[in-house]
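Shared chain: subunit A. Partners: subunit B in the first complex, subunit C in the second.
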Partner chain A sequence: MEGFISFLLSIATIVAIYSILTLALNIRWGYTGLLDFGIAGFFAIGAYTSAILTSPSSEELVFGVRHSLGFGVPFFGGLLAAAAAAALVAYLIGIPTLRLRGDYLAIMTIGLSEIIRYVAVNEKWLTRGSQGIRNLPRPFSGHSNLLDALFYFLLVLAILLILYLISQRVYNSPLGRVLKGIREDETVTEALGKKIFKFRMLAFVFGAAYAGVAGSLWAHYSGSIMPHEFVPDITFLIWVSLTIGGSGNNKGAILGTLVLIGFLQQATRFLPTIEGYTYLVPALRLMVIGLLLILCLRFRPQGLIPEKAVRMEKES
Partner chain B sequence: MTSLLEAKEVVKDFGGLRAVDHCSIAVGKGAICGLIGPNGAGKTTLFNLLAGFYKPTAGAIFFKDHQIDGLESYEICLLGLVRTFQIARELKNMTVLENMLLAPKDQYGEQLWHAIMKSQKVRDREKENLDQALQILEIVGLAHLKHELATNLSGGQRKMLEVARALMTEPEMLLLDEPTSGATFEETRKLMAYIEALRKERGLTFLIVEHKMEVIMNLCDRIFVMNNGQKLAEGTPREVQQNPQVIEAYLGA
Partner chain C sequence: MLALSIGFGIITGGVLALAALGLSLLFRTVKFINFSYGDTLALGAYLAVFFNTTLGLSLLPSALLGMLFTGIVGVFIHKVVVKPLKETVKAGPLTLLIATMGLAFMIRNFILIVWGPDPKMYNVATQEAMKLGPFLITPTQLMAILISILIMVLIYLLLQHTKLGKMIRATADNIDLARIRGIRTESVVVWTWLISSSLAGLAGVMLGLLGTVDSQMGIEVLLVIFASVIMGGIGNPYGAVAGAMIIGITMEVSSSFALSEYKAAIAYLLMGVILLLKPKGLFTR
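Now for the complex of A and B:
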């Protein structure tokens, strides 16, 4: 029984963390129409920033390279720094790339996320390379395993809720209107006096900060991070989640993540393998995800919870 | 009368093609001017130059004593010169009201912090803009469609929305590219009356590209005729109608 509950808690925590990534993509793609395939990269930046800052300092030799980084910063410091670092990288990358047309931006961002992963593999002094950074502290821990898991889940859930509310505020604000205008027709939006580049940058950086937070939460959830965890597969799972859930709708983004990551990716993790066909079940899982995406695009292209038009009434 | 908008010897080449050839026009404040000419004469290219969508190959453009060639289109809009499009470009998946409320300038709520906090200042401004939007929608006859997605409007309604949305930027001058194409007779008459009223009550200036001669001839004080990228003639509607060169350009030799 306890095993089952902790299994459910771990799924719920993973879904909540990934939901933050889907919210990030929703700001970039769902609101603003930025064709962005770099989410995994900003996820990695958040995870590594937080991991390096919160690790206790040490003098370890890793593959003959002295790894002495580690600052013992408290968890919330790492969390904020993760958001800031991801946002800063997005800003610097945004300067040359955000003037590009949609498909070029897509290529640039996927390239960027791979570069970030390779930096994590190769800069061993900073990241300990493919060994990864281990023994990351988890806040509110030191009780029973179950309670630790529960507290961490509640923390992640609270952060998800806050970020969801901020996203909703932005969506319903004049700022959200400009972002949607850019998505619908950036030429018209510019002709109406909006500096497009500034708003594209804002959406890009804002989404990066969200992904950075998710990265930090991921690092302290799993307790260790390695570069191969941040492959572009994550980016594409997030894209499928958003598409199934409803692009442009934050509730849809979270529901899509629950369906895809919760039910398909995680809940089926421990399905028994079939004797002699070890790879059959994992492969079937990917096929089901693909099938789901195709069915969704064919029969419900607007997603499970479609975007709602903002109704503006007189506020008295 | 000094002119509000002035293009001096403007040239635009696309590769080997000269779309606009040493064209000069001047529009005085409070004027309603027409720009006519056969298809391919360069009218829309000239519009794109004036609105900052293209940079001229040669020549200069002035608006309110600012040299505006070389400025981005959003900067030109913020100076008070706004354009509409020949083929209506409504923001499809946004409601009519959202289309309208996008346009006003200096909205506090466009800054991230204000957007998240939704302060009183943001709400007050939003209410002002909403009142103004509803007033304009009432005049152009779209008020009953305010919550409709723009993609569901008819051709004529979309053209009305173009003009209405442009007005929300509080411009001093509007460049209207075939504002009545696709509009019904009734819509056309309504729009013509509204343009007259805007000039009279708010002193707005207009430059209008239009193929419907009854619109141009009744509305405009002054007409520029273009042909093959050049300005062929200029004058009052009466003068232009009697100009043999204009007749030849339209009817062929």
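Now for the complex of A and C:
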């Protein structure tokens, strides 16, 4: 019984963290139409920033090199720094890339997320390479395992709720209308006097901050992070989540994540693995998810919860 | 040392050029970026592994069969995924790009399921490198570069001097106008998918010969091919070839300066700079 509850709690926590990533993509793609394939990169930046800052400071011998890692910053400091670092990197990357056409942006962002991962693999002095950073502290811990898991889930849920409310507020605000305007027709929006580049940058940085928060929450949930956790597969899963759920709709984004990550990705963890063929189930799962994406685009492009059509002022 | 890396850069660039040429040709006609192109290339490499090591055929027929089947896979992608999406839900270029990302993951994981995670190699005897001027080159590498050049010349002749080539170029320029003039644009599009995907398959076999065949090669090489294509000006096949040579040489030379971990990153930075300075590519007038 206790095992089952902690299994459910772990799935719920993972779904909540990924939901934040899907909300991030929704701001970029769903609202603004930025074809962003770099979510995994900003997720990684958030995770590593938080991990490096919150690790207790210590002198250690890693790969024969004595180096210090960690600043012992409290959890919430790491969380805020993760959001800020991801936003800063997004701003710097955005300057050259956000002027590009949609499909160029996709290529640049997937490349940049891979470069971020190469940095995490190779700059061992900073990230400990493929060994990863371990023993990350988790807030509100020190009770029984179950209570710790519950507290952390509630924390993640609260943060998800806050970010969801902010997203909703933005969606219905004048800012949200400009972003949707850019998505639908850049030329018209520009002709109305809106500075396209500025608003695209805003959406890009905003999404990055969300992904950074998710990264930090992920790092402290799993307790250790390694570069191979931030492969483009993450970006792909988030894209499929948003597409299934309903691009442009925040409720859809969360529902899509629940369906894809909760039911397809995590709940199939108990499937038996065949000795010597551990890659089989994950690979099969990703194949099915790829198929699901294509079927969804073909038969239900608006997703499970479609974006609400804009209410027109009285037409006469 | 420098000559060695330039030499290997030319070989890598020549092979990349085949793939870049294929992607560029496809983009010119279908007007969207095929994200499954890298994994199509990997599939070609694996199919040739199957013919070569499992069925025991020699390398050349294996490569040709791999190329043929990859071409058919390309046509299949067009018929089963792209065309229905275009016709039923009026999918635009960005939606098609997302759909091909789904395909990319399907192909990559299909490869993983069938062939497993361990890298594969072709059944070729180990060879002595020959000296060719300042360069060192193995017979296989020499073969690879010669075949690349041959294929590129053939594609050039096809595009410039045959009726099919003319129809491909006309369809790429303006598909509606081409249709009005009586060109069967649908069959031209099918031919383009066939040619471009078989080029990917061949490039996959050659990359496998230069290194190893592994299930992640698709995504890795895709990024480098993109860089080449964008450098040459997207939709400009000859520019893509030149872009691939520049990228190939830059990657190999930079990796001789102890930067080998960042080989792909350097290709990317180069692309970023080009996009900033000349967003339409190096070779636009």
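By our rule, the second predicted complex is superposed on the first by the 299 of 316 C-alpha atoms of A that agree within 3 Å, B and C clash if a C-alpha of one lies under 4 Å from a C-alpha of the other, contacts with A are read in each partner's own complex, and residues count from 1 in each chain.
Keep this in mind: a residue touches a chain if its C-beta (ideal position, glycine included) is under 8 Å from a C-beta of that chain, and two chains touch if they have at least 3 such contacts.
Remember, predicted model here, so these are calculated numbers, not experimental data.
Novice: For the overlaid complexes, name the partner, subunit B or subunit C, with more touching residues on subunit A.
Specialist: On the superposition, C touches more of the residues of subunit A.
Novice: Quick one: is A:169 in contact with subunit B, with subunit C, with both, or with neither? Answer first, second, both or neither.
Specialist: first
Novice: Quick check on the superposed pair: does A:35 touch subunit B, subunit C, both, or neither? Answer first, second, both or neither.
Specialist: After superposing on A, A:35 lies in contact with subunit C but is clear of subunit B.
Novice: Looking at the overlay, does A:177 come into contact with subunit B only (first), subunit C only (second), both, or neither?
Specialist: first
Novice: Under the stated touch criterion, which partner chain does A:309 make contact with: subunit B (first), subunit C (second), both, or neither?
Specialist: In the superposition, A:309 touches subunit B alone.
Novice: If we overlay the two complexes on their shared chain A, which of subunit B and subunit C does A:112 touch? Say first, second, both or neither.
Specialist: After superposition on chain A, A:112 lies in contact with subunit C alone.
Novice: Which partner does A:143 reach: the first (subunit B), the second (subunit C), both, or neither?
Specialist: neither
Novice: Which subunit A residues are contacted by subunit C in one complex and by subunit B in the other?
Specialist: none
Novice: For the complex, which residues does subunit A have touching subunit B?
Specialist: Within the complex, subunit A contacts subunit B at residues 166, 169-170, 173-178, 180-181, 184-185, 187-196, 199, 202, 206, 307, 309-312, 314-315.
Novice: Could you pull out which subunit C residues touch subunit A in their complex?
Specialist: That would be residues 32-33, 35, 81, 84-85, 88-89, 91, 93-95, 97-99, 101-106, 108-110, 112-113, 116-117, 219, 223, 226-227, 230, 261-262, 264-265, 268, 271-272, 275-276, 279 of subunit C.
Novice: Quick check on the complex: what are the subunit A residues that touch subunit C?
Specialist: 33, 35, 37, 96-97, 100, 102-104, 106-108, 110-112, 114-115, 118, 121-122, 232-233, 236, 239-240, 243, 277, 279-280, 283-284, 286-287, 289-294, 297-298, 301
Novice: In the complex of these two chains, what residues of subunit B are touching subunit A?
Specialist: For subunit B paired with subunit A, touching residues are 51, 53, 72-74, 77-78, 82-83, 85, 89, 91-95, 97-98, 101-103, 105, 107-112, 114-116, 118, 122-123, 126-127, 130-131, 147, 149, 165-166, 169.
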